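So that we are looking at the same thing, I have put the structure below in structure tokens.
Lettered A, B, C and D in written order, each chain numbered from 1.
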Amino acid sequence: MMRKASWQRWLYQNVGFATAVLLLTVLYLTYNMLHPRGFSSAVAIQNSNEAAAIAFVAMAQTLPVLLGGLDLSVGAVMTLTNCVASELLNGPAWQILLGMFLTLLTGTAFGFMNGCIVVYGRIQPIIATLATGAIAIGLALLIRPKPGGNVDDDLSWALTNSVYDFADTYGLAEGGDAWWLRPFADIPVPVILIVFVAVAVWVPFRRSVTGRTVYAIGSAEGAAYMSGLPIDRAKIAAFTLGGFFAACGGLYLAIQTSSGNADIQQAGAYTLNSIAAVVLGGTSLLGGVGSAIGSLVGAMILRVISFYFRILDIDPLLQPLIEGVVLLVAVSFGAFRTLRVKNQLDLFR
Amino acid sequence: GPEIVSGPGADPECFAPWSADTKYFQWEARPAPYRVAVVNGFVGNTWRIQMIKTAKAYAEDPAVKDKISEFKVVSTGTDAPAQLGAIEDFINQGFDAIITIAVSPDGFDRVIRLADKNNVVLVPFDNVLDTDKVMQVNEDQLAMGRTWAEFLLKELEAQGKTSGKILEVRGLPGNSVDRDRSIGIHEVLDGSGGNWEVVQVVGNWDDGTAQKVTADAIAVHGTFDAVAAQGGTTGVVQALRDAGHPMVPIAGESENGYRKLVAQYAEDGLKGISIGQSPGLVAIAMKAAISALEGNVMPQLISVPLPVADYSSLEDGVNFWTDLPDNFFTVNEFPPCGVNISGPAIMAQSEEDVK
Amino acid sequence: MRISIAPENRPIVIASLFVVVILLAGTAYTLSTAGSAPLLSPNYLLQQLQTGSFLGICAAGMMMVILLGQIDLSIPWTLTAAAMTATAVGGDMALPTALGVGIAVGLLNGFGVAYLRIPSMIFTLGVDTVLRGLMVAQTGGFAPQDTATPLMLFLAKDKVLGIPVAIFVWAGVSAIIALMLTRTGFGRSLYATGSREGAAYLSGIRTKWVIVGAFVISSVCAATAGFLLTGYSAKAYQGMGNAFLLPAIAAVVLGGTHILGGKGRYTGTLIGVVLIVLLNSVLSIMQMPEAGRQIIYGSVIITMLLVYGRNQRVTS
Amino acid sequence: MSDAIVEYRGISKFFAGIRALEDVDFACRPGSIHAILGENGAGKSTLIKIMAGVLQPDAGQMLLEGKPVTFPTPQAANDAGIVCMFQELSLVPDLSVADNISISKPPRRFGLIDRRAQVARAEELLAQVRCEDIDPNALVRELSLSRRQMVEIAKAIGRDPKVLILDEATSALTSRDVQTVYDLLAELKAKGIASLFISHRMHEVDALCDTLSVFRNGQHIETFAKGEKSEREIVRLMIGRDVEAQFPPKPAPKPVEERGEELLSVRGLKWGNRLNGIDLSLRRGEIVGLGGLDGQGQKELLLALFGVLRDVEGEFLIGGRKRLASSPAAAKSGRTRIALVPEDRKTEGLMLGMPIADNLLAASFSKISRGPLIDPLLARKAVDEEIERLRIKIGSSADPVMTLSGGNQQKVVIAKWLMTDPDIILLNDPTRGIDVGTKQEIYRLMRELANEGKAILFYSSDYAELIGCCDRVSVLYAGRVVSEQEGDAITEESLVAASLNIGIEAA
């Protein structure tokens, strides 16, 4: 076999992801060019705020999908943690930090529970999480029967703006004017948060044995088992980490809206959108192929598509239709490959 | 941001303050035409569609056409970040006014702050915010609940009943409108001195759900003396009919289908009252936004009068239409405000005809 | 004496027992609060079956797709689109129109899943969104008629021999589906394809047609349910299908059909539907707040699946 | 035996009442290559699965280097130095070769997997198994079956086994690789490592092993050193009876004009870069073999004839039609009915979780239907007949087919197709992983079918089978027929020579 150059190999093994990045780049650049205030910090801040929660939830969905399953509870866990956070994120700094910790712990624990049900109850993930999702929503409604809550204002403002505003709010780095902060001053904080979580949590996970086991399970569970990989641990870890990411989404949502809302419809919408984002990001629903970074890109593609309705003049009553058609076309992109398949058996993996 | 000033405000016929202690706002006047955006949330029901069509038609109305240079409507679904994002995007684009139906009564602090910073007039209506920092437009939900209950009591008294069993069909759980309407109903019932047993079921303001839960309630509880339904009232009446339940006084929303049924069965005892949350509210919100941009003094909370009709005042072709679909909402005009886009004009014609 | 039950019948037996438990619990509640037992009256039960028939028909269609290891997320708006288009056309053409919409959506779903090989989870989700968009555009642009036709009213509301006609329709659909699954080549092919598509294909089964066929059945069932539901509500309206998706999936799975395909009996689905309908109804009678409902609903699903017995571990 | 590295004492294992192993005592010594022989379902895989931690014994004790051990998971067995190779079961297709080789104990830096070290290690191990041509960064999915097995071997070696188990792990290897494996096992033997070797190919066992153990019906029959018993004796131990001639007699070659009608004729068949102009003809009553090294296009040729491949070019004449079937469904129901017994019975031949009866009927619904409905009586009769005819050993036809042993599973696949009464039968290595007794039955069946007037195209990776069964053999090399041999001209030398394309084409 001819050895391919490493970039060729990378491209070959990551077509889906590369396509997604290209699509996002084109869509986002065009959007900025059309926007009256394109390529400005304000637009970037707005965009990243809007994308943050769905980006986290899409990352959460990635892990179960890599296992070859689906998590229908991610939106609900986001909602649950959103409600928890709306109760806890106020008071002195230590209390807020504790609240954040407890919020993330809630989601992580819920994910852990999902994992245990899937592993020890041996129930298919999609069904198990359909049920636990309902439980999460129920708990959210118990905590917050009606929308509200008072998240610390400064926190909300600081984390939903640029680095400068963050420094300004908390009087750090000479109120944001320090020379060394200049190069970063215009970067939106949510971007930093997402990148931080992706780099500090996802990347190491992927390079750990547990992370690789997740891929192996999705690709061939029997083989992974026979190879002596820690199957149960990896599955539980995947759902737990999924719960953690969903909690990041819920936490951010609470900070962004300074409140909590046990909205069933919204939870459902986030779950479904997370699946779409995962697919758009080049992760295979069959498992074993893809990455949370791809889902991040997929989530942003979903968002950018809806940005266009605000700058183009499109009949409002046609917008849902256009959105649906664009989604359908986008997920059908990969289909061209299957139409070219010469050996029909290759279709049935 | 707006200055807090003292009243009275402009055009009090139309922009009635909510109560005596409602604050007044005033923005710096700026020259027309303005750029106006409507940020809707959910879009998959007739009320919202009618609202969007009304908004578009009103933007073309001669009274405001010249004052609007650009008009955009987007629907974001029940997704709070998306709605907040859309509002912020329009602020960034330099729009002058943004009308919105909030997906949640909370969580708008950031966009309110940005709107004030950029001198953008943000007007939530229908689902309003739990804040007094923005100008808002709504009907008084508490009053609606009270009116419903008062009507039922009056009809029951006419039958000689001062106690009995009432079915209350509630709306979406957790929603402030649902809560306020229910509080209004119970206030009046509790205060009446009568002995009323109220059975609550959750109908989600949706005909199908309301019909199903009403049918179940009848199967379990037998007959009721009256029904108060927050929404999905057509479904509720269907359930009464299907179960062979006697026609009783009923309080409900303003769906055309419900009014048709009341008109048809009033003789048989379906003494109904119909009060609607009108999709036409959007036009008043737009009008208020423009008025604010012109520098007028505006009440912080604008109360739009309840459009009430009961079995005695229903008239085909005037406040309901037998030849039109059941789903559309009958109340669409507000003459004191010069909002004269009637329901049939919106729903029965294609868009070209409206223009 | 120990009674042994074939593994595929276990869910059916357990779900049936649970139905009884729900009825008893509900009755205990009404006896203690109102002193009557309406839940056990034939009238109440028939009414539950009548309203359950819409869900039942949706679940029957959904089961075809789940047997293939696929899923149909487009049920809600297929149902709505069929109903709204049917009333818009009206008259005698209403039924053919509704079925036509069903067939068209099914063909589209089937094409995407079988030929383009896009996972059904995402393709049908896209189709659902498109259908919703179409209905919004249609309502916005044309203000279509929405009143139920006499046929709809008859099928959904009338009674024959004291039994609602809707139940006969559900029974008819059930008979057809059950016969098809057990006694036709298509039915067997459905199991084979769901079990392992590659092997079914190499056995000379036209697996793509089977997939398309299953999606058409699913959509046609949804359209039928929409047709009936229109009659029941006396009109079609946006959002009428929203309440059917997750319960349909839950009913199929609680009935013992394997979510990954290849295994399941139609009787199970029937009982799954009854279970879900009664559970909802009893919770509603108890005036259970939404939070409690959701928690109970989720717990019931988990508990029942745990009781059914755990799936085999994958080792080969 | 105190010097045993692994020892079983009274091990039993039952599956839902079925005996897989009963009261087995067994031991293997370090530095030996130990063959385990037995019919399908004799309990060989069960034996080694217990050793590898995949299954737990119901009774008995296992000793490792004299100390009692239990392995609750494959991981535990691995840690104890017991490494097991299955056919292709333990490679993960979507991970790279390097990932797979170091899958459970990767080299790490700062706690994370060190990719560079991993690649270096993979290169080293691949070099040891003389597969330098495999790119460690390639996905396993991209490799052919034989390459995958070599990766599997590299992976196994990389784990420093004390005991290396190969369960039919060489069935797909090319002869060069088989030689590599022999050398490797010899090296391991010299290092004192014990190897357990399961294969149904006697010549492999003969060439490689020093000790043989025979199992039958879940019991350990006997263990002896190589050369102690003749092949015939061994076979008798395995299947409990004498096996006469392995292959049924071939009819004498007839002159061309007396041969059966030509059912299939192919000229210049091309498909992508895998098939490069194949000429082939198939007549009634004939068994035509396809020879050659693995991966020379034999599989693709069969698939093309069966309608699985798209864009196949060439001239065809099949049952009067000038086109290839467009799908298996068309192929099986055309005027000339075609059947294919595919390569991998577990994924391509069977719906493992479904009942035996449903698997048997999967290709012939129209046969058992009256009008639109299946007639259960007709179906039952058809199933019973076929089970009888092929002597398939089953409990009940409602059991899932995965409860059958490998050989019986294979018979189900064949029976499924015989039920359609095909004219042309395409067989893709149908005896892989099948015991001698069953093999013999399959050979006999093939000849019977040919005598009934069917045409059979038979690919086998085993030369002996081609020589013993076929009237004619076409040897493929690089997607082309490089040699056609007939009757007595089919010999091992000529087949090997043609497979390597070292021309003796003069003939």
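Rule of thumb we're sticking to: contacts are C-beta pairs under 8 Å (C-beta built on N, C-alpha and C of every residue); 3 or more make two chains touch, one makes a residue touch a chain.
These figures come from a predicted structure and were not determined experimentally.
Comparing the chain pairs A-C and B-C, the larger number of C-beta pairs in contact belongs to A-C. Here the spacing of chain A and chain C, counted between their Cα centres, is 31 Å. Here the CA centre of chain B is 34 Å from the CA centre of chain C. For the pair chain A and chain D, the distance between C-alpha centroids works out to 45 Å.
In whole angstrom, the spacing between the mean C-alpha positions of chain B and chain D is 72.
Multi-chain contact residues, meaning those touching two or more other chains, occur in chain B at positions 43-44, 49, 52-53, 173-174.
Residue positions 141, 145, 222, 225-226, 317, 319-320, 344-345 of chain A are each in touch with at least two other chains. Of all residues in chain D, those touching 2 or more other chains are 54, 89, 308, 327, 348, listed in ascending order.
Contact topology of the protein chains: irregular, matching none of line, ring, star or complete.
Chain pairs that touch one another are A-B, A-C, A-D, B-C, C-D. Those residues of chain D lying in contact with chain A across their complex are 52-54, 73-75, 77-79, 84, 86, 89-95, 99-100, 103-104, 106, 111-113, 115, 133-135, 137-139, 142-143, 155, 271-272, 300, 303, 308-311, 327, 348.
Chain C meets chain D in the complex at residues 179, 182-185, 188-189, 191-192, 195-196, 198-206, 262-263, 315-316. Contacts from chain B toward chain C in the complex involve residues 43-46, 49, 52-53, 173-174, 199-202, 206-209, 211-213, 215-217, 219-221, 234-235, 238, 242, 257, 324-328, 347-351.
Residue ranges on chain C touching chain A, taken from their complex, read 73, 112, 115-119, 121-123, 125-134, 136-137, 140-141, 196-198, 201-202, 246, 249-250, 253, 258-260, 289-302, 305-306, 310-316.
Here chain A touches chain D in the complex through residues 1, 3-4, 6, 9, 13, 204, 207-209, 212, 215-216, 218-220, 222-230, 288-289, 341-345, going by the rule given at the top.
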